[in-house]
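Listed next: structures, encoded as structure tokens.
Consider the two complexes below, in which chain A is the common component and chain B and chain C are the respective partners.
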Partner chain A sequence: MNRALFKSLLISGVREKETIFWIFIFPLILFTIMVLIFSNMSGEDLSFDMILIDNSGTGLGSQIINQVVDAIGTPSEEGKDPLFKITRLSDKEEAYTLLKEQKADIVLELPEDFNQKFGQVLLLSRLGEVPEDRKPEVIIQKVELRDTSSMASDIMTQVMAQVNLEAAKQMNIQIPEVEISSEVVGQTEDFNYADYFFAGVLIMAFFSTGLMNMGINLAYIRSKGVFKRFACTPMKTSQIMSATIFSNMIFMGIAFVLLLIYAKLFYGVTWAVFQPESILFAVMTAVLALTFGFFVGTVSKTPNSASGLANLLFFPMQFLGGLYFPVFDLPPAISWFVYINPLTYLAAGMRKSMGLMDAPVPHYTLYLVPLLWTITMLLISLKVFKWDGGE
Partner chain B sequence: MGGNKMKLTLGMLKAFMISRIRDKSALFWTLAFPIMFLIIFGLAFGGTSTTSVSTGTEEIRYAILIDEDIDASVEKEILDASDKLNLKPLSVDSELNLKQSVEYSLDNVDFGIRLFKVDGKWRVKGYYNADDVTRLQMYEALVQNLVTELRKELAGFENILNVKTVNKEFSDEPITSTGYIMSGVIAVSITLSGITALIVSFGYYRKQNIIKRLLSTPLKGSQFLAADIINNLIISLATIIIILIFAKLIFSVSFHINLLYLSVTYFTSMFLMMGLGGLFLLIFREPNAAMNIANVFSTIMMFFAGVYFPLELLPKWLQGVGAALPMTYIAQNIRFALGQDYMSLSRFWVVNGVFALIALIIIPVVGRSIFNLEKN
Partner chain C sequence: MPNTILKVDNLKKHYPTVKAVDGISFEISKGTVFTLLGPNGAGKTTTLEIIEGIKNSDDGEIEFFGEKMKHVTRDAKERMGVSLQSTNFIPHLKVREVFELFASLFKKNLPVDEVIGFVSLEEKKNDLVEKLSGGQKQRVAIGCALINDPDMIFLDEPTTGLDPQARRNIWDIVNHLKKEGKTIFLTTHYMEEAQELSDVVCIMDHGKIIAMGTPAEHIKRLGERNYIEFKAKLIPEEIRELNSWDVEEVEVEDDNVIIPTKELHSILEKLLSWANEKGMSLNDISIRQPNLEDVFLSLTGRRLRD
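So, the complex of A and B:
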């Protein structure tokens, strides 16, 4: 490798504001966004707008429902919004209009015969089974496609289920208590979102460097005839290529260090990424990214077409590679891409080696698939490579 | 005279359009990116809900392990409880099998439960797949509901109170989640097209001295600006039409276009985004810097605009971020204009009015500033 050329490529790359932004700064921004969103997605600040239409008059049934509604309409802590902000209306059309205009998430309706049926069912239930059509009914109106409306409806359904259980207790029916616990499988106790997204964003940064930086720059160099001019010098083509490759690897190294320092300082990412196998996956990612960059730079005649091709490849590969969200349970129409995408295996492999979660594919495939892609892209690129591009 | 002016503007417009079509990178972001976005997210998330247990009629499967010390008759109660919730239990014989079923989604299992007793008291442990982090809350709610039904079955208690859930539809056409995603994709497309428009024309062209050369011709700055804006409007509109065609062909999305509302939304949104892009250029001067900031802003908007997941799952302060971003409102307006959802007319006009006002202020200021810089 020619040291002067390597140094010149390194300095010119670092001077490019585009390089600094997309390779060094954008991964930090993306990492911040992803960790902020997913580590805070607890729903603790959930609050819905509900309209209550009570046309049932006075009675035990509506009294119980109203008590429950008042309870859920009271904030659990001072200064916090209650789970449901209640608006009481008597006009159905007005309520539906508010629901339509997204000023309410659900409408809870007690029909006119609610109290009458409630009284009857309390009596009849002591005698035997009560027909369904004689049971009082609470109606929840929702707009299914609105996520908040669906969530509000589900929560209200659970609340009503608890009302049933309370009614059972009132009727001296012994309902067994059940304690519920939970476990998330496929992830370790040490799982944390900072580490999870560190792996994903690191792979994105490496691939961005290889595919975009190397790919587009290679196309630019070819189109400007730079290689031809180098051919007039004593410099060998292998020296030129190795200088290009190593300068990009240095950029990847810088991106890695910057991301690590940032993630460690502000998000407490662990040292898990330094597990030997994890480092190996990072190196494999770097090599794969460079071969993809080589491919893009080889087949594209101009930097502009290289940019288009790089984006065309990069976008689906990163979104369907498990870098930002799990992809192994996607529908068959799209899961085929997941399983041929080398980034899927690299992301799964890195996270597995960091001790975060198991990879739902055989271990050997974590190495085999990226390796096959690397060899294939390299062979194709070497076959079609020309030293000059051109408009 | 007027004819000459029109001829100059149209000539400039033609030049812009040819330049855009030749620019493969710009073509990707304008055309290919939104379509890929639609296909990927439509196939990945269309027809599935990450938040609701009651959306969709698909049966949900779960693995169940019943401890040996529990009476076999409990199976009937479990089946009855599952039936009421449209759940299908698949029996496993060990905790290892249970965990593996959930982890590897064997037999399309979405979650698992283990039913056991400790000191005579019932316990249920839910097992969830780490890969399904966005649906975790939904599966936890399902387990909660299943346990409630099971408790009633064990006690032989029938509900005294029924809950009837009614889905209110306010549109003439059936709405699907892919249709919802499509509206989000259109909002993203408008944002990306608009926000980069003036940065390219005023930023990059200025850097290449193209504006300076053009201003030495009879072409006026306003004609240049008009041609550029019309070019971006035409290209973006073509993209939206292609997205709608793809959505219809691939996903059979139904939509009812209200031409007036769609036109108003389209123009005000595009102008707003153009204005924002121009503002970035005024602040950062260097077109590369302005473009980078525009891309970061767009990325943040995509995540916080409620397009990928409901903002309500985030803490209040993060929800506030989404509420301050224009893409949130663009997506809502597009849904309304395509008959995918409803909003009050007053809200629609107020939002678009604000968009138009901001654009009307910013765009002329940007144009004048750039042209003055060139003249000086």
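So, the complex of A and C:
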């Protein structure tokens, strides 16, 4: 490797504002966005705003409901939000307005005749079947197209089923107790979204450097005759390529360190990425990204065509490669791409090695598919590469 | 030829649709400025790029510093300096950084500051190359070609696209190098440049060498003639009339008229009285000596700029 060329390429990259943003800053922004969005949907800090309109007066029915509502409105641990933040109102119109304005997720309403019907049911149920129109009714209002509203509504429906069981107990009706246990499948008990996205964003950052930065820069300096100029010197092709590759690997290293420090300080990622197998997957990602960059820089005649090709490859690869969300269950029309996409295997492999989740593909494919892509892209690029050409 | 530094024998480079270089041979002596002159597409740059080691030839042989080679070796590249037709470097580097980079590529190199001084870029050495003017960038390119103190310097159209002052600055550098005894291989499509700088001019067209010699030898081949030039709107009948005099073929392009003749005094007198009779005004009338442009015209029937 020619050290002066290596240094020049590093200096050139550092002075390029776009390089700084896309390789060093953007991964931090993307990581933040992803963790903030998905962590809030993980249930750990999940909280809904519910308005309770209780026009039923006093009675056993409303007493049970209020006890349940108080229970779900109490934080499970000190310092955490409760599952439902309860606001009690008597004005329906005001409650519906707050729901429409997204200041509440659902409205739970106990009608005026709730306690009366509840009492009747207690008596009638001992005599036999209770007619439908005599059953007490709880009204849940939600906004259909809002995810949080639908989720809150589903949870409350389950809660109400629990209330029914409680009511049955109050009536001394024997109901066999069903014990419910849950088990995490695929995803480990230690799963956390910060680690999950750390792996995805790291792969994205490596591909931003290798595929986008190196690919477009190679096309640029080749189309401008810079390589041609080097060809007139005693420098060997291998020296130029090694300097190009190592300078981009330095950028990847910086991107990795910055992301790790940021993710550790602000989101508490674990050190799982330093598992030997995780490091191996990171290195494989770096090598694959560089071969893709070499390919883009080789087959493109101009920086513009390189940029177009790099984007054409990178966007579907990252979004259908499981970097940000699971992709193995996608419809067959696009799942073929998921299965040929090397990033799918690198992301799954890295997360598996970090102890985050199992990969639903044979273990050897996690290495084999990226390796086949690396070899293929490298061979094509070496075959097509020319010093001159372009503009 | 004694002191031959470069010998090219039957060099060929054929593409599917064009014979870019079609069996050319020449020799360059140490300490001379050898110029390849020809219109765009004549094959000058392809010839140069084969000799510089960028392209491979289809056939032919190159003898560099007494050593025969099919393709230019790394040792030969250590002894040559190159300035390509289009000047670009790794982006966002400063002038000094570019020179330092090129200095690192050769076993032998001159002090960077000395080269920066030689191409008069002391004040710009800490500026980014992309911020420089076209002429300054060209001086960076020439400086990079000199950084290894080469025995032979290749300058491919070093003044194309430059303003007259910047062009004159480059000529000064070339003349300075010539005084230092450097061997220079120049390509250009500017006949004034070839005439001003060259010891030997090789005229190339359609991939072949059509004439070679010193500028004076080329011009001498045209014989003793002068050119009367003026601007006037002539009708075909008037052009036929002029051609019936003791002149070479009259050249008319728009309202520019050129009359080549060996009988300057008589033809000039005749022209003035002919114009007077016709009540015609001859604008911007001038008389000049033949130049390489005229040589090229007489050899190919076309002007260099065509």
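As a working rule, the second predicted complex is superposed on the first by the 253 of 391 C-alpha atoms of A that agree within 3 Å, B and C clash if a C-alpha of one lies under 4 Å from a C-alpha of the other, contacts with A are read in each partner's own complex, and residues count from 1 in each chain.
In the analysis below, a residue touches a chain if its C-beta (ideal position, glycine included) is under 8 Å from a C-beta of that chain, and two chains touch if they have at least 3 such contacts.
Fair warning: this is a prediction, and the values are worked out from it, not measured in the lab.
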item	value
Partner chain(s) touched by A:Leu382 [first = chain B, second = chain C, both, neither]	neither
Contacts of A:Ile33 with chain B and chain C, given as first, second, both or neither	first
Chain B versus chain C as contact partner of A:Val121, first or second or both or neither	first
Comparing the two partners chain B and chain C, which touches a greater set of residues in chain A	B
Which superposed partner A:Pro234 touches (first chain B, second chain C, both, neither)	second
Partner chain in contact with A:Leu330 - chain B first, chain C second, else both or neither	first
Which superposed partner A:Val163 touches (first chain B, second chain C, both, neither)	first
Touched partner set for A:Leu9, first chain B, second chain C, both or neither	second
Interface residues, chain C side, partner chain A - complex	49, 52-55, 74-75, 77-78, 80, 82, 84, 86, 88-93, 97, 100-107, 144, 154
Contact set on chain A toward chain B in their complex	17-18, 21-22, 26, 29-30, 33, 36-38, 40-47, 61, 81, 96, 99-103, 107, 118, 121-122, 125, 129-130, 132, 135-148, 150-151, 153-158, 160-165, 167-168, 173-187, 191, 302, 304-305, 307-309, 311-312, 315-316, 319-320, 325-331, 333-334, 357-358, 360
Complex contacts: residues of chain B adjacent to chain A	22-25, 27-29, 32-33, 36-37, 40, 43-44, 47, 49-55, 99, 102-105, 112, 121-134, 136-137, 140-141, 143-145, 147-152, 154-155, 157-170, 175-177, 179-180, 286, 288-289, 292, 296, 299-300, 303-304, 309-310, 312-316, 318-319, 340-344, 347
Sites on chain A touched by chain C in the complex	2-5, 8-9, 11-12, 15-16, 220-221, 224-226, 228-236, 387-388
